[in-house]
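Once you've had a glance at the structure underneath, I'll fire off some questions.
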Amino acid sequence: MAGTIEQKLGAQGILLHEPASPVANYVGFVRTGNLLFVSGQVCFDPEGKLIAKGKLGANVTIEQGNAAARGCGINLLAQLKAALGDLDKVVRVVRLGGFINSTPDFIDGPKVMNGASDLMVAAFGDKGRHARTTVGVASLPADAAVEVEGLFEVA
Amino acid sequence: MAGTIEQKLGAQGILLHEPASPVANYVGFVRTGNLLFVSGQVCFDPEGKLIAKGKLGANVTIEQGNAAARGCGINLLAQLKAALGDLDKVVRVVRLGGFINSTPDFIDGPKVMNGASDLMVAAFGDKGRHARTTVGVASLPADAAVEVEGLFEVA
Amino acid sequence: MAGTIEQKLGAQGILLHEPASPVANYVGFVRTGNLLFVSGQVCFDPEGKLIAKGKLGANVTIEQGNAAARGCGINLLAQLKAALGDLDKVVRVVRLGGFINSTPDFIDGPKVMNGASDLMVAAFGDKGRHARTTVGVASLPADAAVEVEGLFEVA
């Protein structure tokens, strides 16, 4: 039974899948007190295919990167659902860290990262507004175009 | 009416401006409990001009990078003032994350990042000493030379 | 007198050294409430020599990088011991942030970072499983191959 946040997402065509479990000695999320730290999510779609592969500034456009960042955001929500059962237990999106797979001259990381930020506000409204850090990195796992980590205050 | 910390900064010629509001679905800071997470601040000066533009290891010297990191620190303080009204409410600088726009062979990020660390101790004394992570990144928003994010314990 | 965790590490040949103190205005760790933030640790061994120097994708192999990440993890444990006196006071490894010194085409950061993750589970068992973010960066201090920061819930 989906909560109100998940229903709202469903009405926008966003369905939350079972998140992939890491195949190593780390986990998708850890809760400490009312804080939930979610591992960096690369831009895999629910079928495990990269939404965008490669570098911004080379073969990946800003639009493709923005869609990839949105996909990272959806993966964060899927982890939240696995952690909490119900997204309505999210009190506040506290912080997103965005890592953009970039050539040395790509300087529009924020436009890419907006894909994740906009999704959080689409899901949670004003509670979705967060502190954010966006940087361009030399490479990402699996040559993903974008990776986003999240910190959430939860009930 | 400036508190004692802000008066001390003023005596050193450091005036805190109104911080720029993000033009997107994120915010300058989020408080959760006694923790205040401040978004990554790039090295804009109060007039919105980059203190240093480009890469360490190429066109930006360590001295220029150090000044840029100090500018990021001033922007963090401006966010703190916007969040708290009075910098005297800062209990401890907990963590700074420093991202240095670097060529692949630039290995002196810590000397650059000291510009931000020194500013925190100039402002807060021993309470300004913090955990720190410094890395060299492929690119930064607007081609800024330095970006610094901060975490603060607040009253 | 070593606690049970440190004894277990000793039985695996892992001895914790006095961590190096930063020679700048930052510190190795800061505690706020029950959270302990540990500064980014580069892959120095106890003698202050880099376990691996240079870039993954160039002169550093995945195996060497994995050993370097494990070394960063040992340095995190040494900071924990300095902070807490006894590693048994660690309630949970909350989050590790892994920064891999990478060429633009190196995409196996997670295999490198497993060196740090595996060490945490070797030390703390299930309490050692953590949220994790791994990215490839353009450069690291001293040309270290790996840098890892940590967040811990402590008693």
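Residue numbering begins at 1 within each chain, and the chains themselves are lettered A, B and C in the order written.
Quick note on the criterion: a contact is a pair of C-beta atoms (placed from the backbone, for glycine too) under 8 Å apart; a residue touches a chain by one contact, two chains touch by 3 or more.
Small disclaimer: the values here were computed from a predicted structure and weren't measured.
One rotation lays the C-alpha atoms of chain A on chain C, and its angle is 120 degrees to the nearest 5. Chain A and chain B touch with mostly distinct residues; of the residue numbers seen at this interface, under half occur in both copies.
Mean C-alpha position of chain A lies 25 Å from that of chain B. Each of residues 33, 103-104, 137-138 in chain C touches at least two other chains. Chain A makes touch with chain B in their complex at residues 33-35, 57, 92-96, 100, 102-110, 114, 117-118, 120-121, 128-138, 151, 153.
Those residues of chain B whose C-beta lies close enough to touch chain A in the complex are 22, 24-30, 32-33, 37-40, 55, 97, 99, 103-104, 137-143, 147, 149.
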